[in-house]
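In the two assemblies presented below, chain A is common to both, partnered first by chain B and then by chain C.
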Partner chain A sequence: MTSASLGLSRDDRPILISALFILVILAAGTAYTVARFGSAPLLSPTYLLQQLQIGAFLGIVAAGMMIVILIGQIDLSVPWTLAAAAMMATSIGGPFAIPVGLGIGLLVGLVNGVGVAYLRVPSMIFTLGVNAVMRGLMVAHTGGYAPQTAATDLMRTLAADRTLGIPHALFVWAAVSVLVVAMLQRTALGRYIYAIGNKEAAAYLAGVDTRRVTVICFVICGGAAALAGVLLAGYSTKAYQGMGDAYLLPAIAAVVIGGTNILGGRGCYLGTLIGVVLIVLLNSVLSIMEMPEAGRQVIYGLVIILMLLVYGRGERVVS
Partner chain B sequence: MLDDVAIKVRQNVGIVTVVLLFSILYVLYNLAHPKGFSSAVLVQNGNEIFALAMVAMAQTVPVLASGLDLSVGAVMTMVGCFASYLLTGAVGGTPLHLDIFGLHLALGTFPGGINGILLGIVLCLAIGTTAGFINGCIVVYGRIQPIIATLATGAVYIGIALFLRPTPGGKIDEDLNWALTNSLGDFAATVHIFDDGAAGWFAPVAWVPVPFVLLALIALLVWVPFRRSVLGRAVYAVGSAEGAAYMSGLPIDRAKIAAFTLAGFFAGCGGLFLAIQTSSGNADIPQAGAYTLNSIASVVIGGTSLLGGTGSAIGSIFGAMVLRVISFFFRIFDIAPLLQPLFEGLILLAAVSIGALGVLRVKNTLELFR
Partner chain C sequence: MPDAVPTQGAFLALSGISKRYAGVRALEGVDFACERGKIHAVLGENGAGKSTLIKIIAGVVQPDTGTMRLAGNDVSFASPSAANAAGVVCIFQELSLMPDLSVADNISIASPPRRFGLIDARAQRRRAEELLAEIGCEDVNPLMRARDLPLSRRQIVEIAKALGKKPQLLILDEATSALTSADVEKVYAMLARLKSEGVAILYISHRMHEVEALADRASVFRNGRHIETFDKGMRSTGDIVQLMIGRDIAAQYPPKPARKAAKPMLALENLSWEGRLDRISLSIGAGEIVGLGGLDGQGQKSLLLALFGVLRGVSGRITVEGREVHAGSPAAAKSVGIALVPEDRKTEGLMLPMSIADNLAIASLSAISTGPFVDRAKESAAVKRAIARLQIKIGAPNDPVSTLSGGNQQKVVLAKWLMTDPRIILLNDPTRGIDVGTKQELYRLMRELADQGAAILFYSTDYDELIGCCDRVAIMYDGRIVRELEGSELTETNIIASALNIDAAVNGGAAHA
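Entry: the complex of A and B
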């Protein structure tokens, strides 16, 4: 009721509240640094841009993850899709590094999509298996050691360099965001995605080839994970084992904090964007406070629960 | 009579398949093992299977209620870390204290000796159960989707585990470790019953590994009564049609809370055993994640539908055993360790894909979209 009186739709509330929470994090962090060091690094544009640059990788993964969550599925193969793309891109090298890396991601997405859409295996378990296979392939490929390959110059430029003080990674993130928004808002595919998330049987009866759309969504998610992997390899100048492990759960958390329904069918991209910024800033404030890993995990979990208690509650089952 | 059997088999085709699969794999394993069919091999396998089997049982109950518990690995890890403080078995007890933000709080002395160990076990299981109960309350009263609620509480539990054990360590009473991770004969000798395990009537069962006995006891004394209770049936009903269960007057809120609480208890058993077996507490985040993911795989292999409503925790135990036996084979056949993760993944994919081939027989495409 209160949300209606404020002129807010159900989809706007999460965005507004997460935005407010970002301000709270910034204020609390700044208060801490002023009290302890007498400076306010959190409010300096340079620092914020640097944090956003790190956030770009998570943002791109989350964009792909959101598409898959919107159709009511989930992609747990992101960690090793990301790592595989990075490892293959660095080991191929040369002008084909980036296309090969992205190709790996699209291929993994295609396998995921076929398994989920045509074999009807629950995505939770199929993508888990694909993740294990990718991990196995990469362990066999690298011999279990850290790969001795380096990122190409183009990858480094894309991920680590700046133009006019703005990191290139942010441009890539922005481009991905524009593409995703355009697809979700302006194309028939976007409408199909929301329709499938709401009721796949209804979408099928309405004439949508739901299985093809499902495959496309997984391909997009795999491609996004691969892009993040290629960029991350460029940022850290090399690929390494387990480089994707830190991206799966934060990506899901960012999507959900942004108001996307984990069961699919509802959510808007702006929310995911704000969810990513929230998680990145929360992480950086906690590291400024020198919070040990234990405290970080606890705060991380509590924040997700609190945010969802405020606006993510489901309907009561009454029939 | 024969028809009844046929119907029973058809109703439980998932669990029958996994039991057969496990039997075949395990007999092959023992035939290939130089010391196959011996108590030593059984004991070793039992120790390796127990924790995963418990976590798989834990995962089954929420899945039956069409939820998912992503915190089972975290609860297991947290309980293990608690156990490494509570089960030291030091004579004269252990002083408990809490160092937080520079404060030093003495919390009294934890009793030592056998009473202390029993109290410690009860406390550890209570901690696991409480963690599960909290999950259930957040899902039911917070009305947050189980998958995301347990993702968040899992982070909190791992945080608590890391707080307790920033680095692996701690200690478990040696007698407890010895008694629970060997055969029944060793157990009797350690706790001094049945003439230290030398009683004549005891000899035929002295070779049975304790972990398998514990597994059977937990399944028979906790899972079977629960499944036959009204609450247990309500869990199945919630999983197959929540709305219908509500309209039939079943206690759906209590059923869901019970499902998550039981999951916490089972995960706690797993964590307790893992700590006893390794004689230490270790807040290992990748290990917790691996156990959670393997628990989902075990549940699926064990014939429980991820959509909820059909399946059983017994099936999941066998699912976990199948997963573990597959990794035992790597040791026997000298498969390069580098290729093991690849084979594990391929076998998991093959298992779920073969199980899914039924979709090819579906004539009405609409039936695919449940």
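Entry: the complex of A and C
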């Protein structure tokens, strides 16, 4: 192992590379703004906090996605789970807005989990189908128009307000992160998740209830998507059609850039955090550089491929 | 002059070969040669360097130092396909078939016959039929998917695949460990024919009687060094074992205690499953080791899986200490104190990339958790105890379990289950591909566990083992238990006769079918 000489484990290398890349993005962006405008807004705390607040929504989605990816599955129903939770929360309103929104996400997660674990449908197909169903249900619910409802005050407070200059959304993201890290590293459930991702057959024959664990993982992912949806509705003061569409690929990209194996079994949460920050900053710097949308998409895709190529090096099958 | 290895005229000659993995010495200054038309056995415990030697010859890994000459020319193989091109073909211990491709696809996977640039399926099937016929296994259907074949037949396909590459030097690395006795005979005949055609054959096996029957010459390795090469008949089995382990072995099997009537720990009544298991009734007492014998694929593995809750739709009654249990999953089986060491440790027994500690703790996490949280102090203490109890040779508990030798990996699988304090231990051919020293440790451990009151059901393809270890052996044929042998009835003749379901003389005691 080449990284052994640096005192790094296999899991740490992608994290280090992503962290370096974040610095590269900031440096390149700053060089551009200094040359163009003579100022360095990228390095101001205001800008960075603003980016983290935007990152919180993606970060919460990515946390749930990571857990599903760790067991070697994927959840493609995230976009409309997120939108459905936001729409139902805003249309119910009042004190039950947030519980109903989260409940929608947990329910979708439960359906996904049962479909994958008990009905044995590959998750890529099943969750894609569930995504289409949720989309149809929401179009029926709203009649295809932008919903004429607004986020509750609590949702706005959680997503958009600040305490001591720190956005509340960041606190929510931090709380989710603490829960995920504790679950992955300290609980038996966390061990089972890694075990299933590494070799489901071996985990099953070791007496792990692999189906129950799979269901739990999908429920967590659905719940995380719903939480992000509720917050996002609070942030933009309303729910809208397609509000989750921009979160699916970036969430998967953040998880994978952070070093989680797309086939499951390996990855640590710190990597996902850094992956989220990287993606949010990359997007923001590209838009500051006034890169046209088409160019941004190309660069964005190339960066993901490049990072994965870098990780792929030096890892050979241990025999 | 056993050390005077003739390198002149040798087909393959290695000199001064060394290889280290991350600082650990695998081979050190090895000189080795083998000739055309000879079967050359390579012997040694797991970790002695045999596998590394084979991998170097087959181009899987490159040596750090030393030279290799093939038919008088210096060679160095950058990859297995380069070695194949030079006529060096290896059949590895781990099966390398694609489970969802047909037998014919698998056999021709490297260079399928083509017509107009597309794979010629008919020619490919014919080729598979011809190669299988060469081994004498015409009964394998080339259109079957590899995953539907029993392990023994998959190994035959593996051999056919190697033959298809027209080997000049054929290496068999434990390639017979999963073969049934009938298939072993066919492979022997094929090897004899290849030998007479002038092919050089390197043969690695942990089964001494196979080596005695086949090899013209043998080389013993120990701790990465070449110890000695000698011709057939120059050394006794005892000498060879001593060369391999560098110490004497007093008794191969631990003594069996006098049988006392124990109350049954596990009892089966009329267990049936989908035509593979046919009304099986069996009772195992506390402190008893019961063997499952018979030809491969007669339902022994299904029986173990049925008891462990893996199979759906099992009918009949299973009682544990008199209480009926319905084990619908391994998790349920575990909760009534049943443990299973599965057939394939690499895919069913272990999460290979995960650490030794994680693998050990996975089955007993609920016992070492407080609420949802794993108690790390308890966990590391339990892991340490397990490693000490089975004398597992490891670097650190956090190393990936894939870094261990086969024998030590199997110990991890067993230790994982012992951490759950099982009352009933099911073993599915646990000594397959394991070195002599570790085998003996496992035999001793089994007896020790039985003495502590566990009931053990032990399936093995090695009759010697069944006779040496078991208090009683149940022979299966076509999904049924056709005979139970114990005491003086427990002889190789009786086991083979019962396995073939023929009524040969059963010494001392009437046979009951």
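Here, the second predicted complex is superposed on the first by the 309 of 319 C-alpha atoms of A that agree within 3 Å, B and C clash if a C-alpha of one lies under 4 Å from a C-alpha of the other, contacts with A are read in each partner's own complex, and residues count from 1 in each chain.
Basically, a residue touches a chain if its C-beta (ideal position, glycine included) is under 8 Å from a C-beta of that chain, and two chains touch if they have at least 3 such contacts.
Computed from a predicted model, the values in this text were never measured in an experiment.
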Three-chain arrangement built on chain A, chain B and chain C clash or fit | clash
In the overlay, answer first, second, both or neither for which of chain B and chain C A:Y300 touches.
-> first
Going by the touch definition up top, name the partner, chain B or chain C, that contacts more of chain A.
-> B
Regarding the shared-chain residue A:L48, is it in contact with chain B (first), chain C (second), both, or neither?
-> neither
Now for A:M155: first (chain B), second (chain C), both, or neither, which partner does it touch?
-> neither
Is A:G265 touching the first partner chain B, the second partner chain C, both, or neither of them?
-> second
Just chain B (first), just chain C (second), both, or neither: which does A:Y204 touch?
-> both
If you stack the two complexes on chain A, which partner ends up touching A:I252: first (chain B), second (chain C), both, or neither?
-> first
Name the contact category of A:V133: first (chain B only), second (chain C only), both, or neither.
-> first
So, does A:V180 touch the first partner chain B, the second partner chain C, both, or neither?
-> neither
First (chain B), second (chain C), both or neither touched by A:L286 = neither
Which stretch of chain C would you flag for clashing with chain B, going by 92-100, 164-172 or 236-244?
-> 92-100
Dual-contact residues of chain A, meaning touching chain B and chain C, are 201, 204-205, 318-319
Name, in rising order, each residue of chain A that touches chain B in their complex.
-> 74, 76, 115, 118-122, 124-126, 128-137, 139-140, 143-144, 200-201, 204-205, 210, 245, 249, 252-253, 256, 262-263, 292-302, 304-305, 308-309, 312-319
Mind pulling up the chain B residues that touch chain A in the complex?
-> 68, 138, 142-145, 147-149, 151-156, 158-163, 166, 242-243, 246-247, 252, 283, 286, 293, 296-297, 300, 306-307, 337-346, 348-349, 352-353, 355-357, 359, 365-366, 368-369
Mind listing the chain A positions that touch chain C in their complex?
-> 1, 4, 182, 186-189, 191-192, 194-195, 198-199, 201-209, 265-266, 318-319
Using the touch definition up top, name the residues of chain C that touch chain A in the complex.
-> 22, 55, 60, 308, 310, 329-331, 333-335, 340, 342, 347-354, 358, 361-363, 365-366, 369, 372-374, 400, 402-403, 416, 420
